[in-house]
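What follows is a group of structures, each given as structure tokens.
Presented sequentially are two complexes of subunit A, the first with subunit B as partner and the second with subunit C.
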Partner chain A sequence: MAENEKQSLKDKVFESQVWRSIFRHGYADTHRNRVLQVAGNVFLHLHPTKTRRHALRIRFTWCAGGVTFLLFLVTVVTGVILMFYYRPTGEHAYIDIKMLEFDVPFGMVIRNMHRWAAHAMVIAVWVHMFRVFMTGSYKPPREFNWVIGVILLVLTLLLSFTGYLLPWDQLAIWAVTVGTNMARATPLLGHEGPFYELVGVNARYDARSFLIAGQVVGPPALLRFYVLHCIFIPIAASVLMIVHFWRVRKDGGISGPM
Partner chain B sequence: MPIIKPVNPDGTDPSQATWSRRDFFALTGWAGFLGGISAGLLAFGRFMFPRVLFEPATAFKAGFPVEYSSGEVSERWIKAQRTWIIRDGKGFCAIEAKCTHLGCTPRWFKDANKFKCPCHGSGFKGFAEGMDSVTVGINFEGPAPRPLERIKVALAEDGQLLIDKGPRFRFEKDEWGKPGSFLKVG
Partner chain C sequence: MADASGTATAATSPAVAKVGAAAEARAVSKAQAPAKTIELADKAHTWPYLVRLEFLAGLIVMIVLTVWSIALDAPLEEIAQPNRTPNPSKAPWYFLGLQDMLVYFDPWLAGVVLPSLIIVGLMVIPYVDVNPKGNGYYTFKYRKFAISTFIFGFFFLWIVLIVMGTFLRGPGWNLFAPWDYWDPHKVVPLTSVDLSEFLFGIPASSAGGVLLGLAAIGGWFSLGAVFYIWKRNSPTMKKLGFVRYAIVAGLWLTMMALPAKMVLRIGFNIKYVLVTPWFNI
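Up next, the complex of A and B:
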């Protein structure tokens, strides 16, 4: 009796005109349909249509690349949420972080998720690189994907560095002062670097003042780092990640034990 | 159906010409595209260097010489101007509080008689009553590769000290004796 009622309720929902107008026909759970579902979906098609047994061995891959990507997604989501309150100006930046921490409900959780996910992402990306190196997965035909990976590592570090300035406290300002002072020594483009006189750069017009919009780390530098942190580097990293994942598939899938 | 070969109005074969119309348009297209991108990149490079910077002026008036006593490191302008003013028996010199390692602000420790950078521990020689100011700011510990830089000190028309952070005097270039690096006051 109860079974019958359940069945009639199911029919009422799935055979209703509304449901049928949206879904048209049922889904046949066949191997072919499963493959088509992955291959035909814009997000899922990056997955392999078939997975080799070794690719699931966590002791071989450590899933470090996947963890890195997951942490990237965490920073993207929490970062966008933080952008609802944070204003990248000299007057507001510091007080907005304070407000996020102490006055906004769940603000401290979101801010710290962003911060810790960023730290963890840097660690995970190194672990991923270490694993790929130790398993020889950089060897042909995967050399070019290693190169893309190295660029992604640099972009990860730059994301951390540009995010470091945004709290606009003493630690941030001085860390970025120290960090960007190294840009003075850029060959050709830094006014204290080798061959700077060939290009004719000086303290006012060189690689460092390009980065921080002047000669001191002030509000223009904050705005510039904010744009780099929220727009430029994430887009560049996303594009390269797409290529990186695609190449994993095209170069023969996740490398396995010899 | 016979194949009709294209012929130029003067009777020549267009496939033998060095440049076909298609080559010309393709090259023009590419030149326009790459030229546009290059012009855009150059403009962006210039765009990132504004004509005006809203940064503190490099020169400032630091009060009258009588306001400074001989034999001490004055921290009067350290917060506002990042500058130490030092008076010895012969006159004035001014040191910018900017570590020569990576640009942090060192602190003045009177008891230890040295300037010490909080970032990576660089130490620079200090100054005390009865000393000559020629050794002040020379690096002696930590990663700093060279002494602190001195900046221009002069007298303004109204008799105040005029400090200018534009011209700088480096010890390792033997510039500490140069005019402007030291202001003699009788």
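Up next, the complex of A and C:
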């Protein structure tokens, strides 16, 4: 093939209407393209086109917030795959997990990945909070973003806790029993808590039975935790993550020395 | 565009492309006003300098996670049996610090009030920390109180209790050394007494016992008031103001009540400081 034939083929592809409609700029390493690469990409435009240099140092951010977000995405993807094979009922839940383990191709790896990513996310979000505290990044004007971060931390723990019940094995049911038992000691609202008689709650109607849909952790609790785990909390966390990331930019980008 | 970026760039900006954003920024800034100089020299293009780091970090996390998931299986025990309680029954590992607090406080406090206060306490940090220093960089020198309090709470009252709860708490929630066999029949004599019995030999539910308990708890929190009166004219206190100080002192003393109760419980076998018909502390 002659040199200009190659050139004209290149032109045909890269100048075509289809290509130009997808990629708005060239790839050559120019100042303009570097800016467009970020500003013209819906995923990358979370970033500013230019970043303060100290924020590039791994020693400053530990990349903990980003790692937390990545692990959240991993649990979403693997979680959706698991949902194809799992039924949240007393008869099926445990058998479905066994089937994932022994029958579904790569089922075990997907389940492992979901569980380890969830545990790692809990650790990553703590590390992120620790780093943000150590750099004083909650200080004005970023006070409210810290508050949102604390809510996200709580949601992360709740996501992990609601997921803990779903395998429906001894580990699951008793961990959740121990955890939700605390709710019956809630002052005023739990039937073993201080001043419960003022409100008139009892074992059938109190904070704990509201959480687990009954007096013991049984199939109704499994369904309740499943819906919270797969729908309610992920949506709440996603909305707050959008606000959290957006506010990082609106509050003047990543924190740094004035 | 493809043509433009292919040929025109080659002609006009090889220098920029080669030398990179840093040099470019410096070259531009030299020609401009000093105020702008700092602004430009302090920044780098997000693409590629930040995005490549994020990509690398993501790659490392995904490799580790994949290898981990292939090598280590998630636990799965026997099917759930509501009539067979395992001993010990443990909450998920990240709540074991809270579960361990049950040794020192009743469930309404350890399981409900204190966890809620942890969340509220974390949320108010930005509003009660009026120190403008250390915003956006690491420093211990200018934030001694904030950092030591946070590290104490995070590492000693949260992480250490989790590690203890995971590895050292066995059947009956008894403490076991790492090399001990988890004997489900281990008997630990329950010789704990209430504070008033320990000090004066009077029952905690008697009038004297309740008064003593109230005095002990009141005395603990009045430490905050004493400190306020002592330091009321210091610049830090003036800046903090009474309301912020009261919140900080209240939360701080509540947090420190946990190690205080641990000392009373482990060192002196004291169960309750205050006993009332409705709740015990």
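Basically, the second predicted complex is superposed on the first by the 217 of 258 C-alpha atoms of A that agree within 3 Å, B and C clash if a C-alpha of one lies under 4 Å from a C-alpha of the other, contacts with A are read in each partner's own complex, and residues count from 1 in each chain.
As a convention for this text, contacts are C-beta pairs under 8 Å (C-beta built on N, C-alpha and C of every residue); 3 or more make two chains touch, one makes a residue touch a chain.
These numbers come from a predicted model, not from an experiment.
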Touching partner for A:Y205 - first (subunit B), second (subunit C), both, neither: first
Touched partner set for A:V178, first subunit B, second subunit C, both or neither: both
Partner chain in contact with A:H47 - subunit B first, subunit C second, else both or neither: second
Which superposed partner A:A213 touches (first subunit B, second subunit C, both, neither): first
Which of subunit B and subunit C A:Q17 touches, first, second, both or neither: neither
Dominant toucher of subunit A (residue count), subunit B or subunit C: C
Common interface positions of subunit A, toward subunit B and toward subunit C: 174, 177-178, 181-182, 216, 218
Touch list for subunit A against partner subunit B, complex: 174, 177-178, 181-182, 204-205, 209-210, 213-216, 218, 220
Contact set on subunit B toward subunit A in their complex: 45, 48-50, 53-55, 102-104, 119
Interfacial residue positions of subunit C with respect to subunit A in the complex: 1-6, 9-10, 13, 16-17, 21, 24, 42-51, 53-54, 57-58, 61-62, 65-66, 68-70, 72-82, 84-86, 89-95, 98-99, 106-108, 110-113, 119, 122-123, 125-127, 129, 131-139, 143, 147, 150, 154, 278-279
Contact footprint of subunit C on subunit A as seen in their complex: 10-11, 14-15, 19-20, 24-31, 33-35, 37-38, 44, 47-56, 58, 63, 66-67, 70-71, 74, 94, 97-98, 101, 108-109, 111-117, 119-120, 122, 126, 129-130, 133-140, 142-144, 146-147, 150, 153-154, 157, 160-161, 164, 167-175, 177-179, 181-187, 190, 192-195, 216-218, 255-258
